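Order of writing sets the labels: A, B, C and D. Residues in every chain begin at 1.
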Amino acid sequence: MTHARSKYSRGTPSGGTLLDTARIRADFPILNRQVNGRTLIYLDNAATSQKPRHVIQSIVDYYERYNANVHRGVHTLSVEATDVYEEARRKVARFINAPSEKSVIWTRNTSEAINLIAYSWGDANVGEGDNIVTTAMEHHSDIVPWQQLARRKGAQVRYIPVGRQGALDMAVARNLIDRRTKLVAAMHASNVLGTINPVGELALIAHAVGALMLVDGAQSVPSMPVDVQALGCDFLAFSAHKMCGPTGIGVLYGREDVMERMQPWMFGGDMISEVTYEGAKWNDLPYKFEAGTPNIADAIATGAAVDYLDELGMGNVWAHEQALGAYALERFKELEEFHVMGPRDPGLRGGLVSFFHDTVHPHDLGQALDRMGIAIRTGHHCAMPLVRGHGIAAAARASFYIYNTEAEIDALIDGLKDAAGYFARK
Amino acid sequence: MQSLEGLDELYEQIVLDHYRNPRHSDLLTSPAVDIEVNNPFCGDEIRLQLKTGDDGRVSAVSVAGRGCAISQSSGSLLTELVHGKDAAGLHGTVTLVRRLMKGDPVSEAEMDALGDLSALSGVRKFPVRIKCALLAWSALEEAAEKLEQGAK
Amino acid sequence: MTHARSKYSRGTPSGGTLLDTARIRADFPILNRQVNGRTLIYLDNAATSQKPRHVIQSIVDYYERYNANVHRGVHTLSVEATDVYEEARRKVARFINAPSEKSVIWTRNTSEAINLIAYSWGDANVGEGDNIVTTAMEHHSDIVPWQQLARRKGAQVRYIPVGRQGALDMAVARNLIDRRTKLVAAMHASNVLGTINPVGELALIAHAVGALMLVDGAQSVPSMPVDVQALGCDFLAFSAHKMCGPTGIGVLYGREDVMERMQPWMFGGDMISEVTYEGAKWNDLPYKFEAGTPNIADAIATGAAVDYLDELGMGNVWAHEQALGAYALERFKELEEFHVMGPRDPGLRGGLVSFFHDTVHPHDLGQALDRMGIAIRTGHHCAMPLVRGHGIAAAARASFYIYNTEAEIDALIDGLKDAAGYFARK
Amino acid sequence: MQSLEGLDELYEQIVLDHYRNPRHSDLLTSPAVDIEVNNPFCGDEIRLQLKTGDDGRVSAVSVAGRGCAISQSSGSLLTELVHGKDAAGLHGTVTLVRRLMKGDPVSEAEMDALGDLSALSGVRKFPVRIKCALLAWSALEEAAEKLEQGAK
């Protein structure tokens, strides 16, 4: 992968793959925050990323300068708001290489995007005896909607198993996906294992039996170049809040011809073309799937987030994440009594490390780290079946993003040593 | 390491001891009530069982579960406070523990009645962990309600 | 109605019922905006209101100081974010006098809130031959979900007619609502006619036949004191963006016992209590209805908006709106060839005036006003059946809020005269 | 009143004249194509009908609708530009009108070919109204496609 130059890239002693974090950190006001007397070390990026000033400012600008409802106004504010709002949609379309912005639907988050497909596409296309194939490492948001769809329709959910090395068992996948498979739904990057799944390959297998392919991009779109046409997926879901954008907005990309045939799911203003007391006709894509006043400010801010990431270059972002992931994996080897989950090969994974300790519960580890200003996540990570499959109820996770440094990982490792020591001594 | 000192208030020696060596954690045979609760956000689990005598008072208890030091030690400490209590007595103890966690004033006599559980009062300074500490107690509350219904 | 004192109230020459707009305007940065060389006169508040600095700042504060995902984190940022986020829910509950914050579900907007009821409650409770009663003046968001529910279930939608004076025909309502009625859904304040509907009375009629009552509060909650217990409604839906709050977030209030019995609609993270490969159990209220990462920033900002309105006092807000509405109605009498829609009696309506001209299309009027920096809305106002019922396809609407003044209404009237003159002369 | 002067570019005399006195607005009997389009956001409507002769060229046209001066005058102006054109010719005119609205360079000869419709070029300065101006033309595009399909 070649990395485009950007004013944020630079050569580094560690081999030239890290971003210029000093420069990037200056863009993120929160990184100056003190927590328990220490400068915040934020390693909970897989839960939600921090936001650059530019993105925050785009929200302020909207509210202070051109706040108005979109699409329906002839007045200047409404025209301006509509322009910037729709430009944000085009930016997102370009970011994932969607053929048209008509394929880009704003949702609240990844979860809603997947529910939209489960209801609007699923209820019309999945029948009794059909099956939906997903993976054993999925996030609840990519499991429960399918379980419920299956229940409504008398269909079945199948789980592609996860091997010891944290990778999908593709041989089994080929057996699970059969003529009765209507949809394959898989996460691109795991929020627990860090694994990067071969979703392009799954798409080929799915298409070979006439099934569609949905990619849960919640963890991949923020971190690596994702090209829906290259992946060959039919649907892609992701959330802005994990990629420098605001909370409250996500994206469903859907193949235009598929979505043309889908019925709307939510009804109301903006998604109609005509309403009488007897019935209604629908608006065109993408509006058909967007009922009521949209999340205008956050759509605009998502456009700003995409601008920011484009400026860094997603190839560079990915190189940075992989480098930090590899570095963390290496450093974890020093830690006794800690067990790292997921692939051992850093080349197969992204910038996060989940782990657990022989005796200290993740929650207590997290509490101890918080005393040192280090924020990690602990718990089931919305992947209960996977985590329990490891014989534990909870794990700790450190996840990295564009502003994290090797020095912060050093602090994490030292902190874990101290925490383990603290609990061992008492 | 200095920065970890603040943790001592949360993780008292006795708390960690109960976490590592939970009391009364073996399952009961044919309990009068058997209740499972969990914290949906972090996944911590507690299973609480009670047996009662003819007088309606607790004669045996078991608490088992998975979770952090606070949720599990609180469950273990609970087992030391229920013997011989009837439903009303259990409710009273739950209320007292909740007051302790909320930071409401608690008299010395009340504190004494809580025994080792008073070691958990440091949780008040870590509000997000109060839920952990109360998990087992929400199970006990449910259990007390069930006992009352059974008695009717 | 008595009006609590607030630092924003003051006696005015026009009779003591107006807010201290000079002071309020200083809180709204956008009101200094120049449009086509004039200071913005924003009269499109029924579409979306402007936002006070305090609300905008609450978003900035969150992103710059304690941005983190909620509910699942032991680290300081997550704890702080969860606290402020849940406090916002409590503020909203108090604002509408809900008995408990468990009854307050965050949605994207009013439209989504109504869809949630149509699917989660409607699909389980409405059957063949049943009916849903709504009104002939509803917004599309309170029509199309019921039409679609009726279609799914073989039920019927009935419309309470609107009389000449823009009021619901309550005698007919009493006939339409019968033993087969499962739900009565009505707007509290009309976004076109300005009418305030007797939703409390409708609730009584509904309950008498065992039906539930849903109130579309999109136009009332921003403008008047709304007390769900006093109204006796079972559901209330509204949007933050029309009440000084951000876009992208709305509220569904639902009676706790009713919502306890409802099944979740969207599935994913946060709304579950346990997930296995076989199935899932649901979390408690309100979380059961909130799948995935919530719109944290905008929930917090909604709390800030409620604070702002509380400070003004909703009684004062309502007095101000009614006074402006009455003043506008009076001044419109001067205008020949213009027709005002809705009740003639200013006491029966809120702070908006919809109108049309004999020959000049609303769109062209709006364009002309925009040249003068005056923002009004034109079109079908998402109430096509109502607007067409008036023999027109579109109307113009000026809608007022807490920062609008009589002087701005004077400018509107002058502008309309000029616009009509312009088109007449050409 | 001065501030309204800027509007003159949008509302040329001839545009308002077509708005008030729409040409060819009577419905046709048994048209070859009959198309309704609307703008879902503002509600403007256009109904366009065409008849063609044996040579496939437009022999009669009708445009009727409801909406603003721009959308309706554009429809009326359209009726003056379609007579005698075949599907390809209609497509060409639609393309030319779109170019005009987008602000692409349009030659003098092309402008001449547009006749009175050139009066609508002021719309370019009011981008939100371009959709109004193009509403009738999107109907014509659809009509041209239908004519082509019918011819096959």
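Here is the rule we use: a residue touches a chain if its C-beta (ideal position, glycine included) is under 8 Å from a C-beta of that chain, and two chains touch if they have at least 3 such contacts.
Quick caveat, the model's predicted, so the values are computed rather than measured.
> Using the average of all C-alpha atoms in each chain as its centre, how far is it in Å between subunit A and subunit C?
Inter-chain centre distance comes to 32 Å.
> Measuring centre to centre with CA averages, how many angstrom lie between subunit C and subunit D?
38
> Please compute the C-alpha centroid of subunit B, do the same for subunit C, then give the distance between them in whole Å.
Taking the mean C-alpha position of each chain, the two centres sit 46 Å apart.
> Pull out every residue in subunit D that's touching 2 or more other chains.
Those would be 41-42, 129.
> Among the residues of subunit A, pick out those that touch two or more other chains and give their numbers.
36, 72, 74, 270, 272, 274, 363, 367, 378-379, 384
> For the protein chains shown, what form does their contact graph take: line, ring, star, complete or other?
The chain contacts form none of line, ring, star or complete graph.
> How do the chains pair up in terms of touching? List each pair.
Applying the touch rule to all chain pairs gives A-B, A-C, A-D, B-C, C-D.
> Once bound in the complex, which stretches of subunit B touch subunit A?
That would be residues 1, 3-4, 6-7, 10-11, 13, 16, 20, 41-45, 66-70, 72, 126, 129, 132 of subunit B.
> Can you list the subunit C residues touching subunit B in their complex?
Going through subunit C, the ones touching subunit B are 71-72, 74, 78-79, 82-83, 270, 272-274, 283-284, 287.
> For the complex, which residues does subunit C have touching subunit D?
Per the touch definition, subunit C meets subunit D at residues 36-38, 359, 361-364, 367-368, 371-372, 378-380, 384, 387, 393-394, 418-419, 421-423, 426.
> Can you list the subunit B residues touching subunit C in their complex?
Touch list, subunit B to subunit C: 38, 40-42, 127-129.
> Applying the document's contact rule, which stretches of subunit C touch subunit A when the two form their complex?
Touch residues, subunit C against subunit A: 29-30, 33, 35-36, 40, 42, 44, 47-48, 50-51, 55-56, 59-60, 63-69, 72-78, 108-112, 114-115, 118, 136, 139-145, 147-148, 151, 157, 159, 239, 241, 246-250, 266-270, 272, 274-280, 291-298, 363, 366-367, 369-370, 374-379, 382, 384-385, 388.
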